[in-house]
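The structures come next, written out as structure tokens.
Two complexes, one shared chain (chain A), two partners (chain B, chain C).
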Partner chain A sequence: MFRQMLYTQLKWSLIALAALVVAGFAIPVLSVQQAGAVASAGSNAGPLLVAVQSWGVAYPVLAGVVGLIAALTAWTHDHRGNHVYALSLPVARWRYALLRFVAGASLVIPVAVAVWIGGLAAGSASTIPSGLHAYPTALALRFVLTTLVAYAAFFAIASGTSRTAAWVLGVIGAAVVIQVVLSAAGVHAPFLPDAVGRLYTWPGPFQLFTGRWMLINV
Partner chain B sequence: MSSARVAVTVALGLALVSHTAPAQQSAAERAARVHALQVVAARADSVARLVDSVLRARRALDTVRSGPLRVIADTAVARKIRPAVQEVSRIVATRLGPDTTLLTSPLAVVATDGQPLAIAGAEVGRIDTLEHQDETENRVLYLVRSALFRRAGSAFRAWSGGSLGFATDGAHLTRIAYIDLVTAPSRAARLCRAGDLASCAAALGLGPDSNRVTRWYSADDLRTVLGRGTDIPGRPMSRALAQCEAGADAQCFALAASRGPGLRAPLGASARSSLVVLALNRGGRGAFNRLVADSTAPLTARLASTAGMPFPELMGLWRSRVLAAAPPGTTGATTGAQWTAAGWVVVLLALGMRSSRWRRS
Partner chain C sequence: MSNAIETHGLRYRAGKTFEIRDLALNVPTGSVYGFLGPNGSGKTTTIRLLLGMLRRVSGTIRVLDGSVPRDIVHVLARVGYVPERPHLYPSLTVAEALRFHGAFFSRWDGHWADELRSGFGLDQDAKLSRLSKGEMGKLLVLVALAQRPDLLILDEPTDGLDPVVRRDVLAAVLEYVSRARATVFISSHLVHELERICDWVGVMDRGQLVAELPMQTFKNGIKRLRVRNAPADVGETPFVVLAREPGNGIAGESWVVRGWDASMHQYFTAIGAAVHAVDDLDLEDGFVELLRASRAPTA
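So, the complex of A and B:
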């Protein structure tokens, strides 16, 4: 049953997945495209690090997109068929969801491998100034974890009903409105920025999205 | 003459009598004894001047003593700052090595309640209005650092960039020095990484002043260094800099030379502090006193004397320490962050598995 799920999810997302694999390979390679020029200009590490860092934002964006597409692909066809097919199967809901999750998570692997190979190729093809090092494996591992967090978050949201989604959006909207009203009234209670900040700092779920994503670093 | 000065003078006289040299004494021994007595005399004079000043102030003052520190403060302030002084004393002991009690003269800072108070040989600063312990510690530390710097002389102050490494621990300074050494657009820094110790000294702004521009930077380095801050929209680049940017190497060097002292050495305050902290730690007893002993001597000689080893050896030690201090790659997530992320994946999966969609209403 898992093989069937994996096959169907792979089929549904094949074109998008191919594009994401290409992007995963291209980002590390493009991030060091200036390395050769920098090295020939006197091995200054600063400009190279700036160039690599400027591409760093592409990795979490790609991780988010991969997570979103994998999660939506996992549930779209069930939603379209009102879950009749899933309900007709002799499996518990939790087991069905788990199989869907694992099948979707498997789709993350090709993109992560592409990031890793791209990082290895970029690291070996460029002249890295002494004192700096390429970290393709660490980068790929972080990419996998970040993508899985994004995928799990979107998977949880997508698995719910429209009513659940409305509740989530309603709570977020209410928080924004309350924050605006408090600010307009001159009350200094920045709970919304604090809450968002907690999501992106340890031990928040999205901490891996922040910080530097450097293929080459000290 | 105050009673304190009389007492100190008598004590010094007794010390001299008790240390009367035997007739059969070598010249070196005599010189050492004279130096030791000069140190004692300087210390005694410093104490006496301090006490005189306090007596003249005619204020209700108290002294907080901890290690090498004597903080003279108004009585109310003294109670408040005692824990801060103890903490700062610990920090000073860490930075200056085990020999802090052998400072040539007592290190005195004065904490006032805002009223003017002049104490000879002491740093004076206002502390009474500070609320938090951290702020008080920082203020006391600042005063102590100022007092130490005053002794170190203007050449050292100018070179070190205003830091003796008190703000952070030595290991942290060394890690920053590594990043500076690796990322500095500098010929000297690159040669230092490759093992040229003279270039290490040059990168730190030490050594002979002649040809400093060419020792520090290549023409390509200068294009980076001189071009910093000039890319302001609407502000035209100077003709000389434009020519330098266009590839005229001679113009780059001429422009750099025209900046004089404004052109800084490649490695800044943190790297220099890491060298000073290393020298102090390696120097052991009397290290700080040796650093401040002769403010007219070349900095390389002073640092070598501080560390108690030849300067090239100190430079080699610094280089190996710095290169060994490569920080862990910041690209990868920490183990804690990885486990936390894995935990969140499990939590979110559990939420997905318990969706209300298939539950009975």
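So, the complex of A and C:
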């Protein structure tokens, strides 16, 4: 049963997955290539770290895109058929959702492996100044966790009906409007920045996205 | 005789305008039960309620001795379902769709599925999105049959299919039913199609079950009578008057009745009237008259 779920998930996302695997391999390689150019221009480790860090934003972006695509492909085909097929199969609904979730989550693996191999290749192909080290495994593990967080969030949203999505967007839109109105009225009540801050700082679920994503560090 | 499907006091509401009210279905085990009704009468909604896809407001549903929705997983494992619109994933090929579907059913007969596929002339490498309407209709019936179900629920399975494909599909269903002694619950608005294959019939209209009876009774029991000299007030009749239409002096009135038999001539003699012709109505006419009677305003 799971094998078939995984098969459909792979089939539906094969082209996107191939592109994401290439991106996952390319980001660490390109970041170190650019850093290598900077390092050879001067022997200082500082510019190299800055160059590596400038590529750091690409990892959480890639993690978000992988999570989004995996979540969308998990549900799109069932949504199109108004879930009639899924509901006619002799599987408890929670189990069906779990099978879809796990099948979608397994798409993270090839991209994470590409990031890891890209990191290993980049680390071994370049000369790293003394005192600095490459951390491809740690980077790949962080990438896996971040992608899973993004996937879980998008999966939950994508599993709902379009009415649910409209409600979520409506609530967010209303919050933004209220915040703007309060600010315009000179009322100091930054509830929206506070809420966003809570999500992106520990123990918020999206804390993994923030901070420095460094393939090469001290 | 036990029932494969039983509902009592089933009620469901969708929006402000549509409602299924006090639905009491009794589908005998082993029967081919035709579920008739005009478009929008609640046939598909009823089927979705039976399969646990919609949540009832009140009432009970039992399918194959399981309570729905409590035992829905066990029930669905024994039910072959052909929905009104194709539900299989269109991006898969025929072979992939069969593999995917078969993985969920413990009684799936892959060998027979292959036989049916060749018999229906379906290319296993063809993508579902490229199949013609007829090919898709055959595939839907194929996957429902290859599950080796105890109950087949077919929602307008031949709607829009050409006569040749329609015949192939129905022949495959009937062959399976006769071999496996399964029950078939088939909804349609194509009255003549059901007339040939069903032994029970239920008629839905505006969310209510208007009639449920053996097909033979339905076919034989609905007659058009030509009646002369009938008084305006005829009192209690030994049959159900579905329609009473005035005629000219020579032809007399036209009555459409249900539950007629020849001994009831005496009733007309007693009220001073006379029946000078009794015509059989075919199923479609009977169906139309039944709907007309159910929609007539009550006094």
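In this section, the second predicted complex is superposed on the first by the 209 of 218 C-alpha atoms of A that agree within 3 Å, B and C clash if a C-alpha of one lies under 4 Å from a C-alpha of the other, contacts with A are read in each partner's own complex, and residues count from 1 in each chain.
Definition applied: contacts are C-beta pairs under 8 Å (C-beta built on N, C-alpha and C of every residue); 3 or more make two chains touch, one makes a residue touch a chain.
As the structure is a computational prediction, the values presented were derived from the model and not from experiment.
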item	value
Chain B versus chain C as contact partner of A:Leu87, first or second or both or neither	both
Chain A residues touched by each partner, larger count belonging to chain B or chain C	B
Which superposed partner A:Gln207 touches (first chain B, second chain C, both, neither)	first
Which of chain B and chain C A:Trp12 touches, first, second, both or neither	second
Chain B versus chain C as contact partner of A:His133, first or second or both or neither	first
Touched partner set for A:Leu98, first chain B, second chain C, both or neither	first
Which of chain B and chain C A:Arg142 touches, first, second, both or neither	first
Contacts of A:Ala152 with chain B and chain C, given as first, second, both or neither	first
Intersection of the chain A residues that touch chain B with those that touch chain C	87
Chain A partner contacts - residues on chain B that touch it in the complex	178-179, 181-185, 187, 190, 193-194, 218, 220-221, 224, 323, 326-327, 329-333, 336-338, 340-342, 344-345, 347-349, 351-359
Parts of chain A lying in touch with chain C, wherever the complex brings them together	1, 3-4, 7-8, 11-12, 77, 81, 84-85, 87-92
Residues of chain A touching chain B in the complex	41-47, 49, 83, 86-87, 93-94, 97-98, 101, 129-133, 135, 138-139, 141-142, 145-146, 148-149, 152-153, 155-156, 159-161, 163-164, 202-203, 205, 207-208, 211-215, 217-218
Residues on chain C engaged by chain A in the complex (per definition of touch)	51-53, 73-77, 81, 83, 85, 87-89, 91-92, 96, 99-100, 103-105
